[in-house]
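Naming follows writing order (A, B and C), and every chain is counted from residue 1.
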């Protein structure tokens, strides 16, 4: 007998199997995280003395984390990540929400064409465009600046798409009422539509922040200066400097970079899942 | 074909009690309706009968066979769901054939591709196809067999769901609000079809609905449920005319029955809303009672005073042959609805004062706990008998 | 009743047709003006987005194609069109061919692996009521953790001497390997990391898909006799997950095609070309070797494949 509909008799064994399997797979999933944290609090001697133990004999966390924070400009990397993510998100909302409103609620010639453009943008692998974007930022003279990190992402086809889908679910009567109340179209976007679309806004914000905090590809191309590097690029720079000899601080740095998103995720799991799956999950 | 016996069923979800010692026996071939407002436990009872849920206490038998420990498959019941629960990826023919495939083909014979090569599969599959086709034709959906549920109208889906239940000739049909997803016109039509189906098949039907019209038109007996309890089980006309409980009287009938507070003055007389009615109540003088009077039990009276109620016409709803007259009764703020024949009440206008008489034998009496009190009036007594004569 | 008749313009009623003809001009002028202002407002609202879509998506697409047809090197002042020479070079290049094959192999491992594990874990989570969000959180964690940093952790885990993987294998008497430096294991290891990262995503989508299957269908299956787990799964669960599965396949395949971070951090495409993948090739040729035209040709060949 397998799991069937007589819970009274079969709940116990099947529940045990369920927990056993999920705890095992969950543990396997977590191994890299645990190993990373474990190494980050071990002294060098213990790291290179091969051993199974996750918990160090001598706790060396303070030293490793201090080294990570001082030898590499880790706070700087994270500050860069914060600045870049915040600016990208702000600009994306500013550019995408009005466009999404026009697509969702207004009738105008070229609407279908515009929406087709958005869909094409959605499907285009962005990295393919890195060469011309690199040339463009060179021409604009913004290579190796924050601007270079930000400008390719000012418009997000996904953002337009997501907002459009959400705006479409808001009844037309709301828009009509707002017009009768004397609001201009742009005021309708910011005073009516966006506040009503807060779930979509939250989902998109998480999608955007997670994506750009974690992005390695474009920063690798756009900036050389260590003081401009966002976290993933910073960790790569740190890694090549240390050339693999000093695992403790490297793992401490990795832990610190992963930490903000993990903490935020655990605090707002539902929103993260919704944002990261692009609203495909209701 | 089978009788159904339900004995002392309890069901709790956590701390909430959904069914409290429900007992009911249903005769072989009977059409029994479980009627009640949403949340009264009627669907839960049906699901327990089907085996989709397990009762906390009590026992069930279908056709003299205890089914408490049987899976739904083995209970010889079929169910029609409110949502129809058709498998969206299967054609009508596959939907209807599934119960037969699951019973007649072995696990190996059901394997995709490979199963068809096994001995016997082809023959059984052909039999199943033939039975499905026959059933579909009898329901008038023979031409839809190759379609998928998504391509069907509501009424067609409903027929497929019925067909899926019929095809294996179950002893008991369970129907959970099968018509409530249809529009009003189609609902009436399908209601008639279900009644016809019951007469044709002669199987036992247990039908759940919150719609009293369905319950009244379809059933041999109606079981009225409220808050997890069975209030009354009786034929439709008895449920309407002779309810055991105030809640039954209030649930059945539209517009709703009028409930007026009254006090027994003396034997055979009850004071109500500033008037006095000659009704023999089995209660002591001074006792407080509730009088239930259906709107159509009223008729126009020429004058007020004893035997009639006097009120102020607030509003009139014209229903064609009938008028629904909303009155505010003189003695206090009792609202009242009287259903009068339009031709007999030509000139009523809002704002005027109106006298309505009532036949004492049409008055239902309830005590303060809502229990029905039987009248001591001989039936057939003239309704407009002036109260003084009776008093004398 | 007379108005609809008049509007159809019955030919035997000249006066009615006259009215119909007369009607549009005064009525349509405001309507047309209204449509015009609405269109104007729409384009004004969409303007910035349109500008950036053109500048950051559509011009670069054209740019990539144009560059791919030239011998231009970044920084050079002159360029000349060389036709399809870059493409010929790309497809004659063993490195690119290896990269293409590796990418396909990688996708063919990661997509089914992610799909199967994601579905199994979703089914297990959904089969009970307790600890759902706990299990969901754990399995979803890798999908949002910074992959570059996690790749560093994986490197430590896979270290030939002090890594947990080899220590464990040695302890239970299984052969160990230098996972990231062995041309037989480098790509499969990257694929395992790919599955590790993406299965939580598939799981979450499958969980949503499972939740959207109406309970009525399972009830109907019970009554119809499909009451064993496998029958229920085959009759209801699997067919109704079809659309979700399709979506998962497409999105995970796209993500797998675009794998870069693990290659860059862990193997740099090595040893030899054993773990080189398209996006890494694109990056290295364009931005490390500055073979701009060649890189653009790789980019143009990359997009249709993904």
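In this section, contacts are C-beta pairs under 8 Å (C-beta built on N, C-alpha and C of every residue); 3 or more make two chains touch, one makes a residue touch a chain.
Predicted, not measured: the structure shown is a model, and the values here were computed from it.
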Original post:
Could you give the fewest steps needed to travel from subunit A to subunit C through chains in contact?
Top reply: 1
**OP:** Report back the single chain whose CA centre is most distant from the CA centre of subunit C.
**Re:** B
Original post:
Distance-wise, how many Å sit between the C-alpha centres of subunit A and subunit C, to the nearest whole number?
Top reply: 15
**OP:** Indicate the whole-number Å distance between the mean C-alpha point of subunit B and the mean C-alpha point of subunit C.
**Re:** 54
Original post:
Whole-Å distance, subunit A centre to subunit B centre, using C-alpha means?
Top reply: 56
Subject >> Residue numbers of subunit C (touch at least two other chains) >> reply: 222, 227, 230
Original post:
Residues of subunit A touching 2+ other chains?
Top reply: 4-5
Subject >> Sites on subunit B at which at least two other chains make contact >> reply: 52, 71-72
Subject >> Contact set on subunit C toward subunit B in their complex >> reply: 214, 216-217, 219-227, 230-231, 235-236, 239-240, 242
Original post:
What does subunit B use to touch subunit C in their complex?
Top reply: 47, 50-52, 71-73, 77-79, 81-83, 85-90, 98-99, 102-103, 107, 110, 164
Subject >> Residues of subunit A that touch subunit C when the two form their complex >> reply: 1-5, 14-15, 18-19, 21-22, 25-26, 29-33, 35-36, 39, 47-48, 50-52, 94-96, 98-99, 101-103, 106-111, 114, 117-118, 120-121, 124-125, 127-136, 138, 151-152, 154-155, 157, 160, 185-186, 189, 210, 213-214, 216-217, 220-221, 231-233, 235-236, 239, 247, 250-251, 253-255, 257-258, 261-262, 265-266, 269, 272-273, 276-277, 280-282
Original post:
Quick one: in the complex, what on subunit C touches subunit A?
Top reply: 35, 38-39, 41-46, 48-50, 52-53, 55-61, 63-64, 67, 74, 117, 121, 124-125, 127-128, 130-131, 133, 135-150, 152-154, 156-157, 161-162, 164, 167-168, 171, 196, 200-201, 204-205, 207-208, 212, 222, 227-230, 232, 247, 254, 257-258, 260-261, 264-265, 279, 282-283, 286-287, 292, 295-296, 299-300, 302-303, 306
